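When the chains are written out, they are named A, B, C and D in that same order, and each has its own residue count from 1.
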Amino acid sequence: MAKSDLIEEKAPAPQAGSSRLNRFLNSVADAGLDLLRSTTGAKRPPKRTLLQHCHALLSTTGEASGTAIARAIVEGYRALETEARIEFLGALAREFDVDADAILAAGDSYRNDRSLKSLLALSAAVEPARQELFRRINTAPDGIATIVEMRRDLRRALDDHPELAAVEADLRHLLISWFNRGFLELRRIDWNTPAAILEKLIRYETVHAIESWEDLHRRLDSDRRCFAFFHPALPDEPLIFVEIALVRGLASAIPPLLDRLNGERGLRDPDTAIFYSINNCQEGLKGISFGDFLIKQVVLELARDLPSLKTFATLSPIPKFRSWLTREMQNPDSALVSGENRAALQAMENDAWIESHETREALEALLLRLCAAYLLEARQGDHPVDPVARFHLRNGARLERINWLGDPSSKGLRQSASLLANYVYDLDSIERNHEAYVVDHKVIASAQVTRLLGNGRR
Amino acid sequence: MAKSDLIEEKAPAPQAGSSRLNRFLNSVADAGLDLLRSTTGAKRPPKRTLLQHCHALLSTTGEASGTAIARAIVEGYRALETEARIEFLGALAREFDVDADAILAAGDSYRNDRSLKSLLALSAAVEPARQELFRRINTAPDGIATIVEMRRDLRRALDDHPELAAVEADLRHLLISWFNRGFLELRRIDWNTPAAILEKLIRYETVHAIESWEDLHRRLDSDRRCFAFFHPALPDEPLIFVEIALVRGLASAIPPLLDRLNGERGLRDPDTAIFYSINNCQEGLKGISFGDFLIKQVVLELARDLPSLKTFATLSPIPKFRSWLTREMQNPDSALVSGENRAALQAMENDAWIESHETREALEALLLRLCAAYLLEARQGDHPVDPVARFHLRNGARLERINWLGDPSSKGLRQSASLLANYVYDLDSIERNHEAYVVDHKVIASAQVTRLLGNGRR
Amino acid sequence: MAKSDLIEEKAPAPQAGSSRLNRFLNSVADAGLDLLRSTTGAKRPPKRTLLQHCHALLSTTGEASGTAIARAIVEGYRALETEARIEFLGALAREFDVDADAILAAGDSYRNDRSLKSLLALSAAVEPARQELFRRINTAPDGIATIVEMRRDLRRALDDHPELAAVEADLRHLLISWFNRGFLELRRIDWNTPAAILEKLIRYETVHAIESWEDLHRRLDSDRRCFAFFHPALPDEPLIFVEIALVRGLASAIPPLLDRLNGERGLRDPDTAIFYSINNCQEGLKGISFGDFLIKQVVLELARDLPSLKTFATLSPIPKFRSWLTREMQNPDSALVSGENRAALQAMENDAWIESHETREALEALLLRLCAAYLLEARQGDHPVDPVARFHLRNGARLERINWLGDPSSKGLRQSASLLANYVYDLDSIERNHEAYVVDHKVIASAQVTRLLGNGRR
Amino acid sequence: MAKSDLIEEKAPAPQAGSSRLNRFLNSVADAGLDLLRSTTGAKRPPKRTLLQHCHALLSTTGEASGTAIARAIVEGYRALETEARIEFLGALAREFDVDADAILAAGDSYRNDRSLKSLLALSAAVEPARQELFRRINTAPDGIATIVEMRRDLRRALDDHPELAAVEADLRHLLISWFNRGFLELRRIDWNTPAAILEKLIRYETVHAIESWEDLHRRLDSDRRCFAFFHPALPDEPLIFVEIALVRGLASAIPPLLDRLNGERGLRDPDTAIFYSINNCQEGLKGISFGDFLIKQVVLELARDLPSLKTFATLSPIPKFRSWLTREMQNPDSALVSGENRAALQAMENDAWIESHETREALEALLLRLCAAYLLEARQGDHPVDPVARFHLRNGARLERINWLGDPSSKGLRQSASLLANYVYDLDSIERNHEAYVVDHKVIASAQVTRLLGNGRR
């Protein structure tokens, strides 16, 4: 896609940039460089390959020269093309791995002596040398940003290079420790936020793309809110952010929320906060989840600041509805799509159907019913097929409403035939819903959604 | 000692206090509390013991309620007396430990199948459940401070309670990861620093106690410097700090440096920076070393800001000299202390010897020679007996001078018969010295120190 | 007094110190110095007297060299002894004064032509050149601090040097403009405030002296508040500050408020805020009043932050009661002090009277009655004799209570025979009281105070 | 013009916006409102006209209610249409003016008694009541911004309403005092600056319009600099800003500097700083000059930060060259434009001449010569006709070069037939040049410019 291509080329990685911490680490590395030079008598630090640097970094005991080597690794890695990066990571997989014999020996010792000492020896044996290597790389300027970037590169390469899985597991282990929620900071983003951070919102927003700075400004107006999580070592990099519209009543469609000329702005006493876009920013932090925590925290912030708010709800895409529907249509035994309907649904082949009053009339009730079935009944294992539904239901939200013509954009048509869902976060029932979902695999939904199934089902 | 008693009673633990992060985590915990209440229908959260809270925290999947439980554990732990804390930690040692059988089974699997999957299973098996428990406690307000405090409590209790060693090992493992040098921030401390931080310097300074705020002010004057490391999640808690005097020539004694009426202040173009006191602040972070890094970093900062500085050196205590000397004196076979000298040295039994011109004359050359022998030759394994010498030599410093009457305080007399040492940090030789010390166990010293040994020795 | 002596010698003036603005102005001045040098070809700027610098500053048109000259004036003035300063200010009075003939001529022109042009010419003529001189001095680093200091010096010298009155009038005019309330910033002072500002509280507190840093810490505890006004060009200099105790019920005595071991701290839900000390910090800003505004503003801040507060009141000295009383006692015709009482009052000659239960019993009712008469009836022109009463009554407060043994310190006995007054700031009646005081010269007091007069008076 | 129309409609005035100071002043005003209500017993403050509010504000003595009235005036004024504003200002001119008879009486008193008292009385008489009114309006939230706005409105209306000149003079007097250079803050603007400030650069840039956020980003790149002055009471409002390109050699044309795809960025070791755009932001502060000071200060900042810089120069428009040239062409007696040239110059009537190689060839030498004559010899009184030349020459800069095809934009052609000028700020000669310009009316220019005049002239 154009978007991710852009990211690939123009913005290869999150950068801690000019933060105080980074300047500090840079000065250490500079000094370490001097140390290296004076030790070796050379004007330039010894030319080494990236891998040689890695071995040197693991064996050094000098702190400052260690930082200089770590920086050389960071700079070296960042200068590599994708292919060379994969090669380098492959070398890390081979050369800094665990020693299987040592593990087995430590295992035997533990079998004979279940002491703490034996256990720690076994623990040490099962930890690849890579983890210490990455801990030391983290001391370089932009160290943490580069490590996050490495994991992104790994995740993209994993399918073709399964041998990298062990490296990915190491990074995941470290990042889970370092991005512990206790260290994250929630910040409000508004028009007083530095442009360097705002432009990242433009780059990272993929749910409803931000078209321009004017569009962004609209989304940060007085009747809008935006919050993001940050890590103190990446002060300029949002990790995840959420966009909210303050409105009256449950919003049913995206266009009015994004409309830049929309006259409602500055609304007094809104009663509803609509979470209309949530974006993870760092591909390299995927699976190190902050999203559920973010929504609930923002609900709390808003409830405190704006007492007029009574309802907290999302306006969410239903991303796999159309592809599921296509499979149903192709399934001759489908209980949901019968012959007549199948014909009607064919009309959707061309996006233009949305322009025809008649087609819309013909499809509305049918699609709402099918979508209700999709969200309430289509399962992947114990849980709904729809990933967005899984996310919010697991968080304890309730499926409140399905909205016809909620997102008539081309993407909206392709994904969900224009439908959008509202999930309501009701603080009083959130834990109960969460439990019902996790333990009993129940999809909590309002009566108006279950009624769509018709025939008194459910 | 009085000092640590004071810490025990009046200041039980570092507190992240009123930081933004803490206020944020508190609001989450408050909300989580509401969630817990609404789930259980109770007005108050269920009364549980600390241990039950721990089990609940490990099994919950709700983020916000998790934070509420974590806070209950933090508050509960802080309210405990020392004995009860030990009991609680003992329970953690038993109830959240590894499952030895599971480890052995995982070890067997790995023996049969050296796949990543088997390795990760074994890694998971050797990690006690406690580690995840502590990671979750970290999400509470004051979580990290409490975890540091737990380690302090453990370290104090270990001698009497060796069964707690496994818990200590877990905490150490986590803290090494979280206090990675890449996350620490160096800050200058001066008279514009908030009083809440300054009073901690007074509390934590143990090398040369700070007598009063006036004394502190003197140490932050324009011809003094002070730097500390901070962790972003403990913004009000110095982890380690160093005090420096900017002077002309190598300082040989402490009293002029601490003298509050000393006229030299505001010295123009000092040529020497004397590091006269380094203090680790957090007993709970002992062994998670920042000290070596701090000194070198501060040398770099000072060299950049004050180009007139040519020499960077310490004025350091020699803490175990007297106790070593006493052993030598009691050793009839001592090669260093012969009969006549032994008699002369008896004079030191009473601190008043320092007042007598004659005794001082009689002892000066003798003590300097013995101290040189102590620092250059007395070994514990491969390394010097003296802990301060070990620290600086390992850092790559050079033992430059031993100063007669450097610290005539009662403590100085008791520790080192008034002697103090200068260690010089010379950026050009620091790495080479470090290597010589680490690899060849060499004590790098100036000619004037080795000459003290006499007889052409060394 | 010892205090002001101290200020005189050790702290000759407020210093903007190391603020950003100052560093900036310094760099300009440095550059200007270079310009001056390169213009004149000299290595050092031309040696000139302070007065010559002043003439040069007024005639220069170069901005940067102007700043260099302004700095030379600031530094020169600060280096002068008191006597030399008076001389210099005297020269300003003579050499930069208005031109009387020019004023008369401009007056004649205006008489003939009442145009704006004539008016502006007359305005320009009546403004001494000094005002422009001071405006230019203000561009130097520490410029504003020095100008405030000049006014202090002038005020102290005025009695002996009435010829300086015109200079004082110029400074007053400028400072009223520059310290416009719209530019002032209210800041809360607490234990997180930089020590450099906190030590100024110790220095400037004259109502109830701060004995030590521990004493100061007590006054900034969680059940205490402190607020100050700052000017953006003097970011480290409080202009005026107020100390508040949060308590239950109207406080009647100072000692419990200042008691460092006092167990009440951390009081939950205080209902009363006691303003027990207000201090103007800058002698050079006397008469450029912020005090009334400060109290009301702080009342608003506290009311918003602490909804449990219902009463806002002072616990105030009655500074001139004893001296008034002495005059009454010496007045044989006094209607207030009759023979018997006069004898009883003699007991106060020695401060020890406060130790005697009997004397206290004998004096309590008598002194309360006399004090009520003093506050309610003793006038200087239309207003009360007591300056503190004048201040609070003018602000719209109500005299609420007179407290026996409120301040048994030696100063308290000397000033007011241990009595203290409470003035209540009641937002609902503050403007009405103010009006009654200003227009009708009424002293608004509670019934319990007026009852003290006895005999149904008032 | 479109630009200023936009400003008129969408951004009527600088706003201190959500600054701390403003929130503070608002809370005072809110409270004052309550006071007003409780005084009058009314729910809403008394409905008064703006003028009545002004009279009330001048007569009130209550601080808080004063702030409430001041805010009512600010809000009322901002809600007015242009015409109503003029009317209101006209009323201020009439109703709060000086009392001519009082002035004359005070003048007579002064004639008889040239005492300070008489002088101050005369000073008071010549100061219109408006000045105190404005001082009090300044205490409202957005007070200073509104006062700056009033002056803008006045300046626009003066031609049609000469009776407003006295009001303008009052505002000018106050603003000169309040915007004393000693209070201004120089800040660097870069991509980390809040978007709310950056968008103001887009709005205020009129020399070389900023087309988009991408254009702006280019101008804040690592090889660009931008600095602005701010006043502490208007923290979000740049007063004046300057844009700089760091390049090698004296830049001769604008397009490469603004080119967004330009490959030079990140240039190492630039030797020249080109000041290519300076913009005053606040029409209401016109004539309260900061520009000269800004340039010199920025030269100092850059010289310190980037030691590789050797030359500091502008690339400046020559705004009135074409209109002067047109007059010369129409002047049959012009000594500069003879018959043949007049014909050649006709070619410029259509902007397309710039596309024709031949025409360009034909005009280059001629236009350069004429422009040199314009800048060096065309006078308005003692000084050059060209306003930009006047500004830089007065600052002490030297006219260094005239650049053919420097600005081929439509605006550039219309103003100066594509020519641009470089003025060099050379710290060593700046004061000397300034003096030569101010005292002897000399235009300091390089030999290459004077040579353009030809014939050995000059």
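Note that a contact is a pair of C-beta atoms (placed from the backbone, for glycine too) under 8 Å apart; a residue touches a chain by one contact, two chains touch by 3 or more.
Just so you know, these numbers come straight off a predicted model, no measurement behind them.
A.B. asks: Farthest from chain C by Cα centre, which chain is it? Let me know.
C.D. replies: A
A.B. asks: Return the chain pair with more inter-chain C-beta contacts, choosing between B-C and C-D.
C.D. replies: Of the two interfaces, B-C and C-D, more C-beta pairs touch across C-D.
A.B. asks: Just give me the whole-number Å value for how far the CA centre of chain C lies from that of chain D.
C.D. replies: Between these chains, centre-to-centre, one finds 39 Å.
A.B. asks: In whole angstrom, how far does the Cα centroid of chain B sit from the Cα centroid of chain C?
C.D. replies: 47
A.B. asks: Check each residue of chain D and list the ones that touch at least two other chains.
C.D. replies: none
A.B. asks: Linking chains that touch, what shape results: line, ring, star, complete or other?
C.D. replies: Looks like a ring, each chain touching just two neighbours.
A.B. asks: What residues on chain C touch chain B, complex-wise?
C.D. replies: Within the complex, chain C contacts chain B at residues 18, 191-196, 198-199, 212-213, 217, 236.
A.B. asks: Considering only the defined contacts, which chain D positions touch chain C in the complex?
C.D. replies: 20-21, 24-25, 27-28, 31, 34-36, 38-39, 61-65, 98, 100, 103-104, 107, 110-111, 114, 116, 119-120, 122-123, 126-127, 135, 138-140, 143-144, 165-166, 169, 174, 177-178, 180-183, 185-186, 232-233, 292-293, 296-297, 300-301, 304, 396, 427-432, 434-435, 438
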